[in-house]
Amino acid sequence: MTVARFWRHLPQRYNMVGTKCEKCGRHFFPPRSFCPDCRRAGKIVEHKFAGQGTVVTFTVIHTAAEQYSMLTPYVLAIVKLDEGPQITTQIVMDPAKAKIGMKVKSVFRRIATDGESGIIHYGTKFVPVE
Amino acid sequence: MRDVAVIGIGCTKFGEKWESSFRDIFVEAGTLALEDAQLSGEKIDAMYVGNMSAGRFIGQEHIGALIADYAGMATRHIASTRVEAACASGGLAFRQAVIAVASGMEDIVVAAGVEKMTDVGSDESTDTLTGAADREWEGFMGATFPGLYAMIAQDYMHKYHMTREQLAQVAVKNHYNGARNPIAQFQSEITLDTVLKSTMVAEPLRLFDCSPVTDGAAAVIVAPLDRAREFTDTPIKVLATAQASDSIALHDRRDISTLDATVAAGQRAFKMAHLSHKDINMVEVHDCFSIAEICAIEDLGFCRKGEAGKFTADGETALGGKIPVNTSGGLKACGHPVGATGIKQVYEIVQQLRGEASKRQVENAKIGMTHNVGGTGATVAVHILGRV
Amino acid sequence: MVGIITYGAYIPRYRIKVEEITKVWGANASDITGGLGVFEKSVPDLDEDAATIAVEAARNALKRRNVDPEKIGAVYVGSESHPYAVKPTACTVGEAIGATPHMTAADYEFACKAGTAAIQTCMGLVKSNMIPYGLAIGSDVSQGAPGDALEYTAAAGGAAYVIGNDDPIATINHTCSFTTDTPDFWRREGQDYPRHGGRFTGDPGYFKHVKGASMLLFEQIHKAAKDYDYAVFHQPNAKFPQKVAKDLGFTSEQIKPGLVVPWLGNTYSGASPIGLAATLDIAKPGDTIFVCSFGSGAGSDAFDITVTDAITSDDFHRDAAPSVMQLLKDPIYLDYARYAKHKGKIVMQS
């Protein structure tokens, strides 16, 4: 991922900044500037997600893309954030203990690097709430 | 709106074709289709070609022009268009060709699909395929394509009671069919054990639950039904064409293990054809992974949600069963040259309807269906074809 | 009065025991544990580094007290394992806590005392009313050469301090430093592992500077070891801090809460900051704490700290973030092979 493309979404990657529609209360992550339900009648404002959620489904990746091959086997999950939106993320944990329905919270980790001399892509992963 | 018929078909053998280039395989499939229709190239009015990612696989864009050129049509200046919707590129190319003829805009149109995947290493091809998903919010977070379908499988198995063996049976059946299909990449039957003991890719999906990397091309020719008999004694009528879309990311779907776009496209197709499930004699579905076939037969309505595992294990989707699924061997055994698959599905159904499917022929084949999916279900194309 | 507004620490979950390392090099585990007083050390996860640790420590600090991140006017991160040679860890931390863009920032390097140097800098900016709050962090994923003595202790961890003068939980009444050009331990640019002068790191290194700064502070404010409830010293192993504490007149009881190296290892820039955090975790209003760090190269920073009533007030929630003891609990143990993978000691195909 090139530098501009990574940098443009730093508030989303580091701080889970999304949006919400004040009219209907629906939350969006990644941010949407237009509420699909209220459409032009909606009122979109910034919203920083709390980083708490529940695992909806998951898998354990054994064969990964090259960037992530050092991490295998790792848990990839769809997490439903408490505020409503669902996201795809890694859960840092013993894969054998992963369960649908478990509660998770966000942590700050390295996601990937652009090789040995390129930039480091930091971002958000999740860990089980103990 | 005119009725449309398929008047000619052609398909290369699918596999790792080290000696053939992208241009070679397209020309081969196109030539076979023209021979089958006993048509000379001058009669072609337009071309639609499905291709997911020649840009990344061979560094080549502008495929429509390239293909028209190498098919010997550059001097005739025909309209040639590349269509892309990841793994549904072929299905969409077919639909565009059908619409062009049905609308009266064009008469004889080629719908083709081609993908040359083995000119890059597996790291590059895996990463390219991840472009069918949401690169920013799925791929970048560490999701692989098998990983996304594995999450669909986990969700499915959490909600419904399907066993690992029932899921594996999908691959076993498709290999059985593939062994009877001369163009299939894999020509050997396998057992449940082969699937269950293969390398784990993303739990619960193992190597044998996953379709392979394949080179291949297919081409079909469509024409107005009322002219079809100029070219063939066995015209096959396009009874319905339907297409639907959904969110690109799996996490934005209404229900993880239901492809709503399949439900929508399937319903539209049945409505357009004035048909129901009991009228369909066989269906080619998009089994990029074994779980995809399970969801497909349910989402198309051939059995109830949660029952496809038992349905499959009971043999209902096998050659002699209630509704044979993937007589070609599916993506799993026939292979999955991404852009070509949607056209290959039409090729298979046409062969069945013409009675040309030899060892995998379905008895009394009158009406067939194709189901082609892009990504984890963001695009679906469904077609129904019937004997005239 | 300038002081600590809030603090937080972070220690990765993984550990490796000394005997796992001695097995590989044919050394005797009890010689090492006996000689160094260290039994195991922390290891970063595959996706952790000095920046992720610094962010987690800073976020833990901000969980304990309501500090408006936009009022943090400076971020300084001290480490000898900054992820970039050029591109400050402090910028990533600033972004991750919402302090950007109205702030100054820089990265510090001073071997194991870069974190306390950051605290001193923040004190200056706050005391001079240039900024309302400053964030000082010491964070490391320190590297020890395979087979070298340092491999038994070079660990991963960090702690963050928000410095301000608005109702601190602990006032920093005085600080002074003792710095010389001493080549006791170093790493040249581009080298993977540090080198050191063996026994030279003792008296001319650690002891000279820790004693120098400590005695300078005692002299400047007319105090002695007995005037303090607790003391925290830089802890490259358990023996050095125990010895210097004794030499300066401190008892083993005074240094006990802050001496975490036996189960953590030496977290370099994180060492004194984590030792102080462990002490603040159990401190009561009125407690006095003496801190003296040491960084090779070489220098020591000494601090005179008094815990205030604010530490037990409604504004400060110590339990809102994990204590150092909690961070040390439930570790996941690695063998040497997994440890080598985590620490990038395996040469991969480039």
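Lettered A, B and C in written order, each chain numbered from 1.
The definition used in the following text is that a contact is a pair of C-beta atoms (placed from the backbone, for glycine too) under 8 Å apart; a residue touches a chain by one contact, two chains touch by 3 or more.
As the structure is a computational prediction, the values presented were derived from the model and not from experiment.
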> If each chain is a dot and touching chains are joined, what shape do you get: line, ring, star, complete or other?
Replying inline: line
> Counting C-beta pairs in contact, which comes out ahead: A-C or A-B?
Replying inline: A-B
>> Rounded to a whole Å, what is the gap between the Cα centroids of chain B and chain C?
In response: 59
>> Quick check: how many Å separate the C-alpha centres of chain A and chain C?
In response: 31
> In chain A, what residues contact two or more other chains?
Replying inline: 71, 111
>> So in the complex, the part of chain A that touches chain C is made up of which residues?
In response: 10, 14-15, 70-71, 92, 107-111, 116, 119-120, 122, 125
> Residues of chain A touching chain B in their complex?
Replying inline: 1, 9, 30, 56-66, 68, 71, 74, 76-78, 86-90, 95, 100, 111-112, 121, 123
> Given the complex with chain A, which residues does chain C contribute to the contact?
Replying inline: 45-49, 51-52, 55-56, 59, 83-84, 87, 92, 95-96, 98, 341, 350
>> Applying the document's contact rule, which stretches of chain B touch chain A when the two form their complex?
In response: 123, 126-127, 130, 134, 136-144, 146-148, 150-155, 158, 199-205, 249-252, 256
